[in-house]
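Structures are listed in the sections that come next.
Presented sequentially are two complexes of chain A, the first with chain B as partner and the second with chain C.
So, the complex of A and B:
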């Protein structure tokens, strides 16, 4: 094992291992980050929610975005699976239906980064506490 | 590189491990592999989450789902439902004891809402056996900062400014202690970590060492630089095997990275740490006794001065700090004195870790800001008294502290306030008692402990505590007199004034505080030969309520001394002279007709 010789050596190790704890750090204060919830019930998984979730995770890691991807149960919009709920800090959540890998990338690029709304929004008819 | 979507954190503290949390980790990993999900979710064994009441705990991130009382066989369900389908396993979720509602994640648990975690910042968050995870949390950055940017004097100054006081019980300013050791010039000096945690029911230090050993190692290295010591020692009780094991792993990892050893981080500072095992004597938590024990002598205290900062281990200047004190230090250097000053009360800064125990719903380990009230700790974080019973008293400071009652519940907790109301901070044990506890017996319990743990060097402690115990025993047997009370009080004062060390000087506190706050209970034992809470066996009375008794004869059949008489289908009666107070009848009665009356009959 290489010895740590200075503060910058230490920082380098920190950077190398940081992404391992990234998820834990973010979940400590979820409300401070963009939360992306992918509905992963049977209906969602059958329509490809797993691939969509992976796409979000990859994209966020790639673009180094301050966001956290969670899976949730059925949101009740089985007609529009895969569905994804996006909640920006301090804003009301928005649910997108029929999300595929391509659309996932578009949601990140357009909605999350630039605040531009996309087609396919499902009006939210529930409240979470 | 695979990115985990989920982290499954499993508590690996001693409490949860004794409920097979090791097997939970194993099963979770096995099931993940079977289902081909080992790239999706990572299983981490962490330190204590603090919620020991309902361990073993499994916390699922990123949604902070908090599963309680998990069994190894639940691994399959957690993965099949939660990891695979995103559905929480409802039956394992925490249930709020007051509302009886299911709480879906730790962010909504009252237990965590008022806590601020500094000393426990990494407990239940990182894998304590992995130094990289500690470094990812800015571990060893404080050491690097001090070594590269600060002189020892400046570093000590910062600590003095932060107002940190020793967490072992005394509350002595830590910066001042370091300065004293720094000023004493000698060839060799020593840094000692006091991990001889001995209060009954306390497990703060053990949990820190089990959950975040590197924080203590880092702080000791900083201390070594500040006072000019190259050698450190952790004095830890041999009965903490898991803490010892994790410390050893951590020490080896730190040495491998060059964070211990010669010229640390490219500086001129060299420092290494060795472990010393204690045999578990309470008095060895006293710093002079601890040092003697480390030298291979009897664990007996000596008179201060000289203080260890002048003449300690092998006659050299030695700085002794408690585990929790050390655990606070890296955070203070990273975030600055002002940050630390912003938490707490005027004279007690920062937080304090408490081990909540006794008749409380949420038994566990908590870290709260100084200045929080006992009421908040007991009723909000602690979730109130078990089984809806009435609160009676809370003992802080272990055998050295006192019992506080309802009237003291709104006192903001800090070193000085607790002393002012007749107790003390101590190392952080907090034992809650309900209406069924007899306060004379509680005092007797603590005296039994101090008699057992007295080293025997000075007469007031060796003889005096034994006499106190005998008097309390006499009272709980219904043979006490008014003179005994007087003698208890006088002797307590004399022991406090004349004992050699902290153990003897504080051992009468439980007696004095219970006499002060529960005078009527002492009086009932003495004048009525009655124990109001029914705990003292010699004074207990069983009584059959004639209106509830159906005459089933179950009690008279089970009574070993034939003390119960009565015809079938008619109310029975207990002969108090024949009764040996075994309680068998009360256990047998299906109609709740047998009671222990709270007033003398």
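So, the complex of A and C:
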């Protein structure tokens, strides 16, 4: 059996990660990055938000994108869960409804990378707190 | 909710909404005593006694975006259908503890599900909140503490994809190791 992963090994991979991060401290300056907020209240989780969030994390890791994935609560669009809010730097946020794994990949490829709007946008007029 | 990991994701959102800076999660598997406990404690703003009495009512919610709040009622139902129960204690300004107890071998007890993934999703989406996750199996115990992780990382973001993946595998392997 292989050795179980531990915090001491984490210190080793930390070095590799730091080298790749090229001084862009993600956590300190989130406005510079694309923010992907997955709604994860009861309604979202029950309709598959966990799989969607995992899909976004995996896709971002794969494509080495400058984006962070976080969670929000329920925005009142329980009928359209899972919902995802995408906030590009300097742009108004957009909320997509009925997102699944396939659509999550499409959102990254088409909307985040190329700025092309996809179907399923929920027209909103609100401010997140 | 299909498994306990999904309930966990849901219940912890309450702690986050309550402004907690430290969230303590316990998963206690005691097959010999036929019991399974999932507990979430936080140091958020807490609730007054009359609010605690109302949270298991699905038509009670503190939010204004909609009129129902199903997280706690569903969690309670899952516990009770397995012969267990849900207990909530809270104090204003101190925090809240939600504990669900399940009949371990009960046929209607939900599967545990992917707990390492749930923990990591919560940790990576809320890097400013500290999490302590304790997993107990019979007498063995594993503790995952984000304070220790952050110390080891020395400022490298915890929600960097390579690190997320590593931490998830670390929790999974350590949990499995307790069962051997």
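As a convention for this text, the second predicted complex is superposed on the first by the 105 of 129 C-alpha atoms of A that agree within 3 Å, B and C clash if a C-alpha of one lies under 4 Å from a C-alpha of the other, contacts with A are read in each partner's own complex, and residues count from 1 in each chain.
FYI, a contact is a pair of C-beta atoms (placed from the backbone, for glycine too) under 8 Å apart; a residue touches a chain by one contact, two chains touch by 3 or more.
Not measured: the values here are computed from a predicted model.
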A:39 contacts which: chain B (first), chain C (second), both, neither? first
What is the contact status of A:99 with respect to chain B (first) and chain C (second): first, second, both, or neither? neither
I'd like to know which partner A:86 touches here: chain B for first, chain C for second, both or neither. neither
Which holds for A:52: it touches chain B only (first), chain C only (second), both, or neither? neither
Look at A:108 in the shared chain and tell me whether it touches chain B only, chain C only, both, or neither; answer first, second, both or neither. neither
I'd like to know which partner A:76 touches here: chain B for first, chain C for second, both or neither. second
According to the stated criteria, A:18 is in contact with first (chain B), second (chain C), both, or neither; which is it? both
Go through chain A and flag every residue that touches chain B in one model and chain C in the other. 4-7, 10-11, 13-14, 16-18, 21, 26-27, 38, 40-42, 45, 53, 57-58, 61, 68-71, 73
Touch list for chain A against partner chain B, complex: 1, 3-7, 9-11, 13-14, 16-21, 23-24, 26-28, 30, 38-42, 45, 53, 57-58, 61, 68-73
With touch defined as at the start, can you tell me which chain B residues reach chain A in the complex? 3-7, 9, 61-64, 85-88, 107, 125-126, 132-133, 135-138, 140-141, 144-145, 148, 256-259, 265-266
Per the contact definition, I'd like the list of chain A residues that touch chain C in the complex. 4-8, 10-11, 13-14, 16-18, 21, 25-27, 38, 40-43, 45-46, 50, 53-54, 57-58, 60-61, 68-71, 73-76, 78
For a test of understanding, state which residues of chain C touch chain A in their complex under the given definition. 1, 5-6, 9-10, 13, 16-17, 63, 65-66, 69-71, 74, 117-118, 121-122, 124-127, 148-149, 152-154, 156-167, 169-170, 173-174, 177
